[in-house]
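The structure follows.
Here the chain labels run A, B and C in written order, and each chain numbers its own residues starting at 1.
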Amino acid sequence: MKKYLTAYAISLQETLQRRSTLIMDRVGGFAVILSLYSFWTALLGDKPGFMGYTRAEMLTYVLVINVLRSLVFTGRGWQLVGEISSGKISSYLIRPLGYSAYALSLDLAQKSVHVASAVLEVALLSALTRGALFLPRDPAAWLLFAASAALASLLFFYMEFTVSCLAFWTSESGGPLFCFELFLTFAAGAFFPLDVLPDGLRRLLSATPFPYMAYLPARVFLEKVTAAEGLRLLAVEAAWLAAVVAVSRLVWRAGVNSYAAEGG
Amino acid sequence: METVRKYFVIWIRTAGMAMQAQLTYRLGSFGFLIGKMIRLGFFFAFIVAVFNHVDTVAGYNLTETALFFLTYNVVDMVAQIFFRGVYGARRTVSEGDFDFYLVQPCSPLFRIVFSSVDFLDIVTLIPVLVMVGVAFGRLPHAGWERYAAYAALVLNGVALSYSVHVFVAGLTVRTQEMENAIWIYREVMFMGRFPVDVYAASVRWALTLGVPIAVMTSFPAKAYLGRLSPAWAAYAFALSALGLIASALYWRASVARYTSSSS
Amino acid sequence: MSVALETKGLTKDYRSPVKEPGLWGGVKALFDRKYKDTRAVDGVTFKIDEGELVGFLGANGAGKTTTLKMLSGLLTPTSGEAVALGHVPWKREAEFQKKISLVMGQRTQLWWELPAYETFRLNQAIYGIPEVDFRRNLDELVDLLELGEHLSVPVKKLSLGQRMRAEMAAALLHQPRLLLLDEPTIGLDVIMQKKVREFVKAYNKKYNATIMLTSHNMTDVTELCRRVIVIERGVLLYDGPLDRLVERYADHKLIRARFQTPVDAADLKNLGSVISMEENVVVLEVPRDRIAASAGALLASYPVLDLDVEEVDIDDIVRRLFSHA
């Protein structure tokens, strides 16, 4: 356990050290949130609400998504691809270190910094716009939100991890990974609430794990689901996570075997 | 004239080589292509879906908003197609290719920016151009001056984008680690997807006078719709002239300070 | 014999960021960057005639590659002057660039995924080589470098030796008059090293091209260069014939003696330091001024069958030179 904590600390240091990367990421994130927030504000115009969301709820959705994006949509997929293709992965395979747990520790450090920044940005934006922010009154909603967000971030991490394992078999896994991440962020509702989509498409998506990564946790935050419904969603999310982790383990093992067979 | 011909031949050769090289990565290329189409498609679907529920956003109807979005894509994609080399600038410098550029009788700036043409982006640009035509068709008739203004401002936007890319190239050469700068440009460019009018006044000013995304992506459509005064258009051209000069000077200074990556 | 290249007081300073270790250091670095200045090349002055083949010697980071890079126009010096083939290198004038070429060991200008031939074609466009000259030069180079079928295979599939040869071809298509080679044999096996050396020698002879070469590999230098320039910590320590370098800086010589019967090493200690002792053969390192005395003593007091006086190995000289200065 200690080694993972050390990994966390080192990664935290590294994230702060590479200040240019950090600033870039945050500025980029802020640009996105500002655009979407402005777009929705312009769209709402004088209207009191849109598609079942009040003004405050709509705008809060955008802000919550920003925090979720920092928490959920970061992973170690690209690093994994890099380490496999450069062969650095071999050094991990011979050490008494669970690679995915190790990568997760590194990722959590990164997430810590980014989430802290995201929360600051959200606070800054809502102060600047003096927009009415919707905050849940029910403490259960906060808890459910935190739980589903935590699960969501693990869900993304392991899904990305699995796709990145493609690198064990091809040197061109960058393309599929890029494609996957883009599709995921849209399908998760990280740019706009999925209510905007036509019914058929929405129902299709709800059968996938994607909406659980951003859209549904945001809805929990906005208290658009009852406590009971919230628990049910959490359970489904947990089930998806279990499935994804299982698949990622299988794919990882297959990948390592194929990698070892080729002589590394 | 002879130089123009020489550079054209060099560009054709490198473009051909870049495409050949890209074709050796079939799976990766396919993935990126699909990814880009997804991004384009989803955003477009979003805009259409939104307009199922409202009539206008910031005073623009569906076709008009779509035009803004498509124009953003045109400027962005043209920049991506031609200036792609800058995205790999850090590798070019750290792997020593830039050293060769400096020693050979061909502008190193030219090579670092233009040596990497993305064949796939050309593929994705075509449907966007078609859609722009469709949008023109759906909007009320406009005189030839409007089309000319649109085209001029699109080129202007590309010129501004070029200045940004040159600046980033200079930064990379100087510090050998600022590849992130180009990503920041791309992320801030995200804001150009929407007509600049959706933004609050302060942001709008920032995007016009500060980081001139609005000039790059919103001005052409505005001019087409007759909503851009000549004064603003003049500003746009002056800005890109300034940008081209400033970035060229910065590049020259950066190369003079170049340290090269080995002993 | 005309002067190909001349430098005066060439100096280059570098500035690099300094990072403090630890988490607190990481946070501090966010707000306050510190730098460290290093002088890589310090007042280097020399003159090279056309057609000369000069070797640059020096430890890693000594400044030889930096000097070479300034002469190719790659780097701009902090101060000092240089004129090569009638031009100031860092002005990077096209006519200058068309007369020179830079080859760097283990680095390639060849496009990785494509056959070397494609890069040759690109260079043809860059250097403006007429088709006739291109074909002729290419054929000659392919012949000299034995490139044959290697040109149509993607560069990534070539071995290091084949790649290096293709690299040399790419660098010489435009028949440069000044050739700058930075560690050209690094990473190559012994046979390939020899091939590269022979090629360089042949090229120098055939075209009277001026060649400057940096290398760690002493055989490169001893085989190719009659003149060497030694640079250590940016400072030019020696500029002259290779054999005189050996003479001047080797203050010791070696005595190799074969005895009839085994001799105790301890006995020989006051005659010199024992480098090796195998069966009946002893190698002693003796200061130059004591050679005669030690040799005489050996012959007088021991059953010597054979006695040789040799120079210290060049590698050792160079190594010792660097640790001295």
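Everything below uses one rule, namely that a residue touches a chain if its C-beta (ideal position, glycine included) is under 8 Å from a C-beta of that chain, and two chains touch if they have at least 3 such contacts.
Quantities reported herein were computed from a predicted structural model and do not represent experimental measurements.
**Q** Whose Cα centre is nearest the centre of all Cα atoms in view?
**A** B
**Q** Ranking chain pairs by contacts, what comes out on top?
**A** Max contact pairs: A-B.
**Q** Quick check: how many Å separate the C-alpha centres of subunit A and subunit B?
**A** The mean C-alpha positions of subunit A and subunit B differ by 28 Å.
**Q** How many Å are there between the centre of subunit B and the centre of subunit C, using C-alpha atoms for each centre?
**A** Between these chains, centre-to-centre, one finds 45 Å.
**Q** Distance between subunit A and subunit C based on Cα centroids, please, to the nearest Å.
**A** Distance between chain centres: 53 Å.
**Q** Which residue numbers or ranges of subunit B touch two or more of the other chains?
**A** 25
**Q** Note which residues of subunit C are touching subunit B in the complex, please.
**A** It is residues 14, 60-62, 65-66, 69, 72-76, 92, 94, 97-98, 100-102, 104, 107, 109, 111-114, 118-119, 121-123, 125-128, 154 of subunit C that touch subunit B.
**Q** Which residues, counting only subunit B, touch subunit A once they are in their complex?
**A** Answer in residue numbers: 25-35, 38-39, 42-43, 45-46, 49-50, 53-54, 57-58, 177-178, 180-181, 183-184, 186-188, 190-191, 193-194, 197-200, 203.
**Q** Any idea which subunit B residues touch subunit C in the complex?
**A** Residues of subunit B touching subunit C: 6, 9-10, 13-14, 17, 20-21, 24-25, 95-97, 99-100, 102-106, 256-260, 262-263.
**Q** Using the touch definition up top, name the residues of subunit A that touch subunit B in the complex.
**A** 20-21, 23-24, 27-29, 31-32, 34-35, 38-39, 41-43, 45, 47, 50-51, 129, 170-183, 186, 191-192, 196-198
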